[in-house]
Amino acid sequence: MSDAILDVQGLVGGYGKMTILNGTSFSVPAGSITTVIGPNGAGKSTVFKAIFGLLKLREGKIVFKGREVTGLSQRELLTSGICYVPQGRNIFPELSVRDNIQLGAVVAGRDIIDLPVRIEAALDKFPVLRKKATQQASTLSGGEQKQLEIVRGLLLNPQLVLIDEPSIGLSPLMVQQTFNILKELRDRGVSILMIEQNARSALEISDYGIVLELGQTRLVDRAERVLNDPRIGQLFLGGAMTETAA
Amino acid sequence: QGAPIKLADVAELSGGGATVGNNWKNGIDLAIEEINGKGGVLGRKLEVTHADSQSNPGVARAQVQKALDNEPYVLLGPGYSGSVKVTSPLAAEAGIAHIMGGEAAELTQGGNKFLFRTSFGQQSSMPKVAKYINDELKAKSVAIVWVNNDFGKGGRDVISKEFAKYNIKVTADLSTEAGQADFAADVSKIKAAAPDAVFIYLNEEESARILKELKRQAVAAPLVGETTLVGQKVVELAGDAANGARGHVGLTTDAPVDLVKAFREKFVKKYNYVPDHNGLKGYLAIYMVKATTEKMGKVDAKKFADTLHGLTIKAASEPGILMDVTFDEKGDIDRQGFLVEIVEGKQVVKQVLPKLN
Amino acid sequence: MTWSGKHLRIALGVAVVAALIIVPMNFNRYGLYILSQWAVMTIAAMGLNLTLGYAGQVSLAQGAFVGIGAYAAAIMTTQGLPLVAALAVAVALCFAIGWILGYPALRVQHHYLAFVTLAFSTLAFLVFRNEDWLTKGIYGISNIPRPNVMGFATNRPLPFYYFCLGSLGIVSLAMWWLIRSPWGRAFVALRENPVRALSLGIDTRRYTLMAFAIGSALGGVAGTLYAPLTQYIDPVPFNLSLSLDLLMMVIVGGSGFFFGPFLGAAIAVLLPEWLRFTQGYYLMLYAVAVMLLLIYSPTGILGVLNRYLTERRTKAASALRAVAKSRLETAP
Amino acid sequence: MTAVLEVSNIKKSFGGIKAVDDVSFDVQEGEILGLIGPNGCGKSTLFNCILGQLAPTGGEVKVDGKVVTGLRPSELNRLGVSRTFQLLQVFPKLSVRENLILAGQEHQGTMMSRLLGPSDAGLTAAADQMIGFFKLDHLATEAAGGLSYGQQKLLDAAMAFMGGPRLVLLDEPAGGVNLTMLGDLKERLASINRERRATFVVIEHNMEFVMSLCTRVMVMAEGKLLAMGTPAEIRANPAVVEAYLGH
Amino acid sequence: MSNLLDLLVAGLATGAIYAIVAVGFTLLWQTSQTINFAQGEFVMLPAFLMLAVMHVGAPFWLAIILGILLSLLLLGLGFKLLLVDPMLRHGVLPLAIATMALAIGIKEAVKQFFSAEASPFPSIVPVGDVSVLGRVVSLQSLGVLALAIAAVIGLTALLNRTSIGHQMQATAQNPTVARIIGVPVERMILLTFLINAFLVALASLLITPIYLAKFSSGEVLGQAAFIAAIVGGFNQVRGAIAGGLLIGVVDNLAAAYVSTQYRAAVPLILLIVIILFRPQGLLGRPEERTV
């Protein structure tokens, strides 16, 4: 196991008085894809929000590249190399598709000289978006909006990508495409922390798997071991899905 | 040295009538300061509470009720005729004299024995204006521009009847809004009607604006109005567009009377601006209280109204009243009036309309 | 809600009602007038709270409906007709006009709807002012009689206050029933997510119109009480600023909360009176107070309370989670 | 067998874009029809046109042989047609239980009886049963807006069943739902389908789900109908593999 | 005919005034979803600030500069920090109500600390008339119109063409997401309020010589701006110009050809028709798709 790029230690926090995270701890090895799985409402998205400073923590700390980043602003986190693609619908509905994408590079501002080139490259991977570049973002279909978010999120040169259920709403082809992009990123040394309910395909491309339940880490292991763990399969991966169908 | 004499004032301190109410209030405060400075009335100081009616009759009623619950000597205000109408029955019921600023004709025609004006009602000022338009200007047709509130509408209704008596035709009858800024459409209507004279009955600021617009559209007919058309305030705001405007003035700080001039100086010194006629009304209200009380020789709220009816107060003996004045049985006022014209930014008195008796 | 909590609430309710009945007995005329005004404004604000707070339809016309009710009462009772007849006419009229005013809401929302209702409000004011033959125009209608209720004259301030309070009581009960009924839930659905509501068989069109019509009718009820309260009406009090005041009452009290209008109206009617001792500064202070209140709790006074209650509920939910968690941990 | 839903020549364009381009198909009573296709091919738009949420540019929709084009979504719903949404659509400030009661109440009694009757329209028991099934018990009194993504998705699906519909159009019900829960969901759909002869049309990108649940699958591409057949046929169709499934 | 032209030009002059107040109004909406019911008072106040500075003996030019700075401080920074920040997250209405209270507060403060009287205000545009379409128009009106147009062009360019503008829009449409992608949300909102404060200060400078400095003059302006913004299309800055001019013209024509008594209602009713047929306003964008 290589050095951890992100270290999450004993997070406790939640919404209002409600505690969702009960001492969540794990670490993300540098240059890997790590996938978090768990039942609905386990607190997966909440962990991501906590890492990205969107949730006030009561306890615990977050260490990125050896430096504590707990409580930093989103802007600071972005400049230090973390990017975050949240779950759900996160676009600017009244702006055009292209403007939405360009906003992804706000932090870098004029530092990125090759921004147009990068946008073009991203649009090559998601050709639908190129076709609709001037359309208002709200008119995109659900899956197209998700693609837009992914492109926007990856526009900078992040060292760590937090990506929350990218496959929701994407067609199988696009899921493959997205996972390929993530693999490419990993191969370039970028670390990826991903949440997925589409757990089988996700774990297949992952190096590590984390199982989260009731706000606690239940298991951290190499991805294939998680995938093949019979109890995990029973509890979180729907058992043998195809068999129950008759 | 007895306990202070309590007066209660309810006025339009905020809302649409704020300018009216604040002038009234300042006039009152000035007079009280003067009187108390000289030892008060019958050796007792005057004390006033001001309450805000928010220019809303409902609130005025509540405030008057509150004021009356404290059993004041005399009730002062409000200035809006509508508010006076709601509140005067309360004062009458409590048997308290009620000195107010409203000018609507009907206020004193309901037989209320406790209500008193501080200025001419429209029923006495408008006939003078109509007479002037007929006799001096020999107009056969007029345009009327009025502000659509109880003040403007009241004046317009009275003068329309007067015009009818003289067989003067009203060729344009234009209602405008309080606070209106753009008079282009109104003036172009006046132009189209081509009247022999224009009667303007608006508040000071709107008067200034319409005068500017009349000048811009080069309306040549003589412009006639009331205090609110020819006051110093209008001249200040309208500049040379005010030249040539004429009007009847019952109560004005520009009156060629030394006492009035002195009042104006005192007021400007204290408040830093030239008051309109409402400032005078408030000031006079307090001196009415003083003169009446001194006439009675005691502070007697029950007898106050009776005493003021039919009373004549001479400026010679009570300088604060500024000009000789007589109150009739209805609570209406009789006093000298003026016909003035603005000439090169100055009010010039063309005619003095003497007191009737 | 626990057993004791429920009883506590009932006890509190009874205490407040008793206080509203007993305490004012030795109030002077002014105090009674202000309290009556509070009751009347609460009714009007309750109507707006239904339209805006529950159903989410912005309306800047509630003041106009109060005006329509007031004129109906003034015109009819000065002609010698009883106030109940005026009430019936006012409610019917406001309901019908409110229903019609609801139609634009089917096409436009938010600020556009605000504009349409604002325009209506202006128009109503101009009709009150300009149609002399009906409303006596700017001079207003005076000598409006106060009603006899079941043989009791309400000319004196105290009986009239009880009359207003009783009306408020009846309206509150009806409103409480309405809000708790499936209709109330449908109104909230309209506010929260009209698209989803529509796909669940909720006839958003009919409920929108209903929300407008019922809310406006309550404005009419308030108006029929307002006229005999002041005994004189002219158009000025029913201009746009009354609508804005009512809006302020709803928001400051807590929009979408049953008791919001009671508190909002109390703030709007009573607070300025309490501040009167500061003379010229009272409106300024009132404005500052309203701003501070909203800064402290943007969801209105009841929003604070609600926050507190939600916290208690989440504590209970946390407990449930903890149980689930311990079950999981002891599981084989 | 009778056709519950007949869609003929439905078209919908936005400006110049033909989002749905002349699509026709029938759904038989008791059938579970899958609807798949690449992102942006017009699936959701087709649903919206069928349900009256959007006015189609052309074409006709029949439910139980009766023309319903031009009806409003609420009217359709009361004919027994309900739906779920792709993007989260719940009533965020209402509790989970209230959400469900709301979903069923317009199917109980009349306007008047709903005003005068009990405040829950007699649905608390039914709502709690639904809550139990979707394993949302500990969330019953919580505001729906505070639920996690998957939980809201489940709530949305639960709402579609509260009125006892005959035909349900589900737009990506599985997105974000945990696999174990998804297995349950599938069983539930299958059992409702069996017991009440309710008919489903399901948009979904989860192939395991679609292929194991549906009796027939329809594929759209660029607004047009590309293929229709049994799951096995679709899986083997090269055009579908090319446009949608990938290798 | 010449009468009609007269009215048209007069309407445009008044409309330009409404437009200039409406511009800032739509800007606040577009970039922070703020409905500022105190916008009229915002235009009224700077003139008084300048008068106050002149009162202590400063020359006019210094008063202008100080007045603008004070506006930036009070109506920009102060407004944003004290009122908008705590409420922005809680939807449109609480903030709208708070601005209503603010309007009362400003009015009362001016009345209390300055005067309830109207006072004249010096004009920075030379007093004089020019002839437009054969009718006399004051240079002041032209100045107002010029500023309104300049403001709209400038703001539209800023919002649609620059990164800052996009960030402002992003902030308004979804502040949480904007934050996530690193938009300095606070700074964007502040910038918006500063721009608005600057605009109202300029507007005040140009309008007050026409409207006179008076505590209540914001009432008419604020309402007209609100209406102009809606008619023009709330989500487009350039809509404010169209809306403002239209209101000015329709108002004059209504007064001349329909009824002065119903003057205030005629344009509103006409505009309702526009709204019902074009719910997004004249130049507005249609609202986004909902499902």
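For reference, chains read A, B, C, D and E in written order, and residue numbers begin at 1 within each chain.
Convention: a contact is a pair of C-beta atoms (placed from the backbone, for glycine too) under 8 Å apart; a residue touches a chain by one contact, two chains touch by 3 or more.
Predicted, not measured: the structure shown is a model, and the values here were computed from it.
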**Message:** If each hop has to land on a touching chain, what is the smallest number of hops from chain A to chain B?
**Reply:** 2
**Request:** Mind listing the chains that sit against chain D and also against chain E?
**Result:** A, C
**Asked** When the contacting C-beta pairs are counted for B-C and for A-D, which pair yields the higher total?
**Response** A-D
**Item:** Chain centre separation (chain B, chain E; CA means) in Å
**Value:** 36
**Message:** Rounded to a whole Å, what is the gap between the Cα centroids of chain A and chain C?
**Reply:** 48
**Message:** Using Cα averages as centroids, what's the distance between chain A and chain E in whole Å?
**Reply:** 43
**Distance between the centres, which are taken as Cα means, of chain D and chain C, whole angstrom** = 40
**Fill in**
By the touch definition above, chain A meets two or more other chains at residues 15, 139
**Prompt:** So which bits of chain D are touching at least two other chains?
**Reply:** 44, 53, 85-87, 89, 139
**Item:** Contacts with two or more other chains, residues of chain C listed in rising order
**Value:** 129-130, 195, 280, 283, 310, 314, 317, 321, 324
**Prompt:** Across the complex, what residues on chain C touch chain D?
**Reply:** 178, 180-186, 188-189, 192-193, 195-206, 310, 313-314, 317, 320-321, 324
**Request:** Write out the stretch or stretches of chain A touching chain C in their complex.
**Result:** 15-19, 22, 213-214
**Message:** Looking at the complex, which residues from chain A come into contact with chain D?
**Reply:** 15, 38-42, 44-45, 87-89, 128, 139-144, 146-147, 165, 167-176, 197-200, 234-239, 241-242, 244-245
**Request:** Please give the residue numbers of chain B that touch chain C in the complex, ascending.
**Result:** 13-14, 16, 50-52, 55-58, 61-62, 65-66, 68-69, 81-82, 85-86, 89, 104, 106, 148-150, 153-154, 175
**Request:** Report the residues of chain D in contact with chain A in the complex, numbered from low to high.
**Result:** 14, 36-40, 43-45, 86-88, 139, 146-151, 154, 172, 175-183, 186-187, 205-208, 212-213, 243-246
